[in-house]
Amino acid sequence: MSAHELLHDMLLIRTFEQHLIKRRDHGFQLFSSGEEAVSVGLCSVLNRDDQLLCSGRAIGPALARGLEPGLVLAELLGKVAGPCRGRAGRGHMALPAQGFFGAHAVVGGNLTIAAGVALAMQSEGNQNLVACMFGDGACGAGALHETLNIAALWHLPLLLVCNNNQYSVSTPRAAALAPQKLSDLAVPFGMPALTVDGMDVTAVRDATREFSDHIRAGKGPAFLECISYRFTPHSTSARESRPTAEIEAIQALCPIVRLSSQMLMDGEISQADLDQMKKDVNAAVQAASVFAEAAAFPDPAEVLHDIV
Amino acid sequence: MSAHELLHDMLLIRTFEQHLIKRRDHGFQLFSSGEEAVSVGLCSVLNRDDQLLCSGRAIGPALARGLEPGLVLAELLGKVAGPCRGRAGRGHMALPAQGFFGAHAVVGGNLTIAAGVALAMQSEGNQNLVACMFGDGACGAGALHETLNIAALWHLPLLLVCNNNQYSVSTPRAAALAPQKLSDLAVPFGMPALTVDGMDVTAVRDATREFSDHIRAGKGPAFLECISYRFTPHSTSARESRPTAEIEAIQALCPIVRLSSQMLMDGEISQADLDQMKKDVNAAVQAASVFAEAAAFPDPAEVLHDIV
Amino acid sequence: MTLSDETAAATKIFFREAIIRALQEEMQADPKLTLLGQDIGAFGGSYREFDGLFDAFGAERVRDMPVAEAAMVGIGVGAAAAGMRTLVSITYMDFLMLALDPLVNYAAKLRFKTAGQLRAPVVVKTTAGAKGQGVAHSQCIEAWLMAVPGLKVVAPSTPADAYGLLKTALREEGPVVYIDHKRLFPTAGHVPVKAACIPFGQALHVRSGSDVTLVSFSYMMTPTLQAAERLNAQGVSCDVIDLRSLAPLDMATICTSVKKTGVMVTVEEGQLTCGVGSEISFRLREMLDGVKIARIGAVAAPVSSNRVLEAASLPDADKIVTCVLTLLNGKGG
Amino acid sequence: MTLSDETAAATKIFFREAIIRALQEEMQADPKLTLLGQDIGAFGGSYREFDGLFDAFGAERVRDMPVAEAAMVGIGVGAAAAGMRTLVSITYMDFLMLALDPLVNYAAKLRFKTAGQLRAPVVVKTTAGAKGQGVAHSQCIEAWLMAVPGLKVVAPSTPADAYGLLKTALREEGPVVYIDHKRLFPTAGHVPVKAACIPFGQALHVRSGSDVTLVSFSYMMTPTLQAAERLNAQGVSCDVIDLRSLAPLDMATICTSVKKTGVMVTVEEGQLTCGVGSEISFRLREMLDGVKIARIGAVAAPVSSNRVLEAASLPDADKIVTCVLTLLNGKGG
C-alpha cells in the first residue's frame, strides 16, 4: 500500500469520527482517533482472505479493513443497512465476507476466538492469516496467556496486535501491567515479538509485513505491540481522566500530521493534492451519512430472528 | 531443617501413601510419591505463620506442612476426625490454623486465591509469606498469568511453586506448554524465577530459602519451578499412560534414596539410624491408621451444616 | 446533600451516592474492608458510584485492578478468607462469567468444605441489565447465582435499599453478590439520615392493592410501578412487592399478598427460563392453591444495543399491563 | 461388539462406546469435524469415551489441549465459526464455568449479533453429576445453560440416546451443550445398528402408567425408574418421561402424560432453585389446570466427596418414592 493510501485511510477514520461525534443519534462510541496508524498500518499488509478481529474500539479497524463507510455508519446508528442489520453496533460489528471477522466488546474476549479462526485457516492449508487487535487492557486477562501458549504450540497463523494506547479506561498501563514492554509477554512462548511506534504508520506496516511473512511461511504466531495514544476520552460518554498537559502533548504525535508532513517534505504529495484528498474523504463521509440516514431501523419483530 | 528431618518427612509421605494404596476404602487418591522433595524442601523453609496452598495432589504438601498423619488420613477416609470433618477429602483438605490454607482440586484454581491470601498478609504488615504449589498443567491456565501480573504489580508476598512432574494426567508437559522452561513464564513480570531439580530436596530448600528471603524483605513475589517425577499413575484410579522404560528410569531418581545414600556416604546417618527412622515412620503411619479407623463417618444431617 | 445532618429523618440522594455512603461508613467502621475493581480509584467508577472513596481512604483500600475478572474475584475471595473483608466490583454482570470459578467453585463452597474453618466475607458488586450497551453488557444472570448454595444475592431498586443492603452485605460472613442496575444510578430517593442496615430476606411491600400481586426487583420495579399506576386507572388494584433479596427469598411476604389477591405476576429483566419468576411460582404453589400466575421477562433473545431491538426484547409497563389484564380476564395460570 | 454387523437390529454396547461410535461416524462423514479436549488423544479420555479415535483420525483431528478451558471453548467456537466443525470436551461441567465467556457471551450470540453472517457449529461435550469427586467436580449447571438464548442443551441417559443425540449435535448449525453423566459411562444398552440421529426436542416416553408422571433426564433416570418399579409394587402406576433434550424442551409429551395422570414429579440431580423442574412446572401450568406437582433435586448444599454426605445430598429411589406417595396422599402442589 502506498503512502498516499495509508494517509487516505487514516484521514478517513479521523474524518468519519469527527462526523460521528457531532451527531446526537449514535448512543455512544469508542473512537480510534489518534490511533489510526495502528489499524491502517496493519490492514495495509492484510490480504483479501485474511481475517481481522478486534475489540470494541472497532471504527478504525473496520474502516482500515476496507468496509464501506456507509455500511459502518449504518451499523453504528442501528440501521438495517449495516452488515449486521444494526444489531451489532459499535461493539460487535462484523463483515466476515470482507475479511472483518468482527469486533467483540468483551476485553480480551476475541483472543481465543481469533486463535480458533486461525486454526480453521491452518486446517485449510492456505497461507492466510488472522490478525487480532486488542488493547493494553486486554494484556491483563488470562485469555492472552492461554492464547499465546496454544498458538505457539500449534504454530497457528495468528498475528496478535496489541494496540497499547496507554490506558484501560482511566487506568494507566503501568498501573495495570507489570511487564516493561507488553511484547515481553510473548517471549516465553518462543514467538517473535516486537514493540513499535504506533504513531508511525510505516513502522507498523513494516513490522506487520515482517511478521506476516513469518506467519505465512508456516512458522507460527507473532506478537506486535504498537505504542499509540488516543486523542479522545475512553468513549464519547466517558469522563476524561488524563491530565490536560498529557493530552496536549500527545496531539503533537498525530500520525496523520506526521505522515502528511513527511510526504510534503519529501515531495511525495503536494499541498493541493493533500487538500483534495481531504475533500474526497469529506465527501465520502458525507455520502456515508446520507446513505446511513436513509436506511431504516429494524422492525421490532427482528428481535427473534437468527437466534438458534 | 536438618537433613534428618528432611529425610524423615519425605519418608513419612512415601510410607503414608504406601499404606493408603493398600486400603480399599479411600475412594481414589492423587499421590505425591516421587515428588516428596518438592513439598518437603518447600515446607522446610516455611514459618508457622506462613500459609501453604496446593492443588488436589495434596497428601505430600499436607504432611510436609506438618499436619498430623492421623488427621490427614481421617480426612481422606471421610471421617469427622479430619480437619474438615471428612467433607473436603483428597481435593480440598485444609487446616489453616496450622498454616495449611488448603488444597483446591480445580487446576490453577488456587493461584488467585493464594494471591488474595498474600494480600491479606501484606496488609497485616508482617513478614509472612504465602506459598502456592501447582502443577505443570496449571501453567496452561490463564489464572497463572493474571496472578503473576497482579502479584508483581502489588509486590505480594507470594511464592509460586510449580511442581513440574512432566505430565497433566496423560499429557506430556511439552505437548501442553510452549515455553522452554516454565519459570520463563514469570520473567516478563520482572520477578525472580528459577528452575531447580525437584528430586533434590536440598536444592528445593535452598532455592526456597533464597526466594523466601527476597519475599520477606518486601521485594515481591517469586517463581520456583521444581522438575520432578511422579512414581505412580495420575491417580490411583487412572490408567498409566507412560512408557514402561520411562517409569523404570525415573525410579532411579528417587529423592529419598538420593538423600539417604548421600547421608550414609557422608556419614551423616548410620544404617541403623536409617532403619530406626523407617520403623518410626511406619509406626506413625500405623498409629494414624488406628486413629482414623476409630473415627466416625459424619451423620447425614451434617450435609446441611456450614453452608451460608 | 448533607449526610451529617442528623436532625432530618431522610435526605434525598442519588442511587450512586447511596452506594458511596454505605461504602464510606463501612470502610470507616471496618479498617479491614478493602475495595477492588477496575477504574474505581481516582476515576470513581464507571457510574461514579465510588466517587471520593479513593481520596478518603487511599490507594491501598480502594484498589484499581487490571482487566482480569477471574483474579479480581479470586484475590478478593482469598483475601477475605484470610482475614480481610473485600468488595470486588465487576463492572458488568456479563463479566462475572469470567469469575464464576473463584466465586462458585471456591467461595460459595469454602465454609462447607472446610467445615467452618474458613469463610469468605466478600461482596461481589456488579451491575445487571440493559442500557444500550449490547449483547455482552446487558445480561441478568441473577437466577444462576440464586441457585448456588452458599451465595447470598441482593438487588436493590432504590437508593435507600442500595444503602441498607450494601451495608448488610458488608457485614455478612460469607460471599454476597450485590447487584445494581445501570439505569438506577442516576435515580434519586430518600435515604434515612441515621445509619441502618436492611436485613436480607425481607421483601418490601411498596404498594397496596387487592386484585393482583406484582412481584419484581431492581430496575424492573420502575415499569412495574408504572403499570400498577395505569392498571389502577383501569380499576385494577395492584399489590406491589419489591423482592430486594433474591437469596434468601422472602416467600412469606409474597404469600401474604397473594392470599389476599389470588393472582401473581412476576416481572424480571432476565430470561424467563429457569428464572426468578418460575422459582417464586413454584414455591408459592407449595404454599397456596388455585393462584393465577404469570411471569414476565426478556424475550428469548440476546439483548442488542440497537434501541428498537433492545426495547422489543425487554419488559415495559405496556407489556405488564397487557399481561395482567389477560391473566385477570382469561382462565389463566 | 460388532458395529459393522448390519443384520442385527441392535447391538448392546457401553455408553462410552456409543459416544465413540457417534464420533467415529460423524468424523468419517465430515472431514472438517475436529475434537478438542484434555487427554482425549492417545489416552482416550478420562472415561475412555474417545478410545481409538486418535488412532483412527490422528493428532490433527483429535487434539489434546492444555488445561485452559476458556481457550478450549474459545478456540473451538472460533474455528467452528470460521468453517470447521468442532467438539470441545470439558471433562467436568464445573469447569465449564471457566469457559462461559466464549460460550455464552460469544458463541450463543454470534448468529444473532451478526444477523446470520456467522454461526458456530460447536458441540461442548461435558459430564455432570456426582461420583465421589467432591465439591468442584460434581455440579449440574444445565439449568443455567437452558436459560441462554442461542444454546441447545441435551443430556442422554442411555447409550442409544447418547449415540443419536451426539450425532444430531454434530450436525447442528449452532452451539450445543451435550451433557454426559459420570455414572453412565459404564452402563450398557442397545443401540440400533443402523446409523440414525435423534432429533432434539423430543422427550422419550419410557414407561407407561396412569397415576403419576415422573419426568427426569440423564443419570437420574436410574433412580426414577427404580422408584417407578417400587411404586408399582405398591399399586402406584407411573408414567415415566426421559427429557433427553433440555433446550428445546418437549412440553407436548409431558403435557400428554400429565393430562392422563394429573400428577407430575420432576427429578433432577442439580439444585432445585431456578432448576429444570421449576421451569417445566411453570410451562405445564400454562397448559393444564389443577395438576399436582412436586420437584426433587439436590439439597441446597455443595456435593461432598464424602460418601455419606454425597448420598445425603442427592435424590435416590427412596426419596422419589416418598415424595410421590406424599404428593398423592396430601392435598399437594
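Letters A, B, C and D name the chains as they come in the text, with residue numbers starting at 1 for each one.
The rule is simple: a residue touches a chain if its C-beta (ideal position, glycine included) is under 8 Å from a C-beta of that chain, and two chains touch if they have at least 3 such contacts.
Since the structure is predicted, the reported quantities are computational estimates derived from the model, not experimental observations.
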item: Shared chain contacts [chain A and chain C, defined touch]; value: B, D
item: Partner chains that chain B and chain C have in common; value: A, D
item: Centre distance in Å when chain C and chain D are each reduced to the mean of their C-alpha atoms; value: 32
item: Chain centre separation in whole Å, for chain B relative to chain A (CA means); value: 46
item: For chain A paired with chain D, centre-to-centre distance based on mean C-alpha positions, whole Å; value: 41
item: Interchain centroid distance [CA atoms averaged], chain B/chain D, Å; value: 36
item: Multi-partner residues of chain D (at least 2 other chains); value: 65-66, 68, 70-71, 94-95, 101, 105-106, 112-113, 134-136, 149-150, 300-302, 304
item: Residues of chain B touching at least two other chains; value: 87-88, 92, 104, 106, 109, 140-143, 146, 149-150, 153, 175-177, 307
item: Chain-level touch network, classified as line, ring, star, complete or other; value: complete
item: Contact set on chain B toward chain D in their complex; value: 27-28, 78, 86-92, 104-109, 137-142, 168-171, 175-177, 239, 241, 297-304, 307
item: Complex contacts: residues of chain D adjacent to chain A; value: 32, 34, 60, 65-66, 68, 70-71, 73-84, 86, 101-102, 105-106, 111-118, 149-152, 174
item: List of chain B residues in touch with chain A within their complex; value: 140-146, 148-150, 152-153, 175-180, 184-185, 187-190
item: Contact set on chain D toward chain C in their complex; value: 70, 94-95, 97-98, 100-101, 104-106, 108-109, 112-113, 134-136, 141, 143-144, 146-150, 247, 270-271, 273-279, 281-282, 285-286, 289, 293, 295, 300-302, 304, 331, 333
item: Parts of chain C lying in touch with chain A, wherever the complex brings them together; value: 38-39, 41-43, 46, 64-68, 70-71, 94-95, 132-137, 299-302, 304-309, 311-313
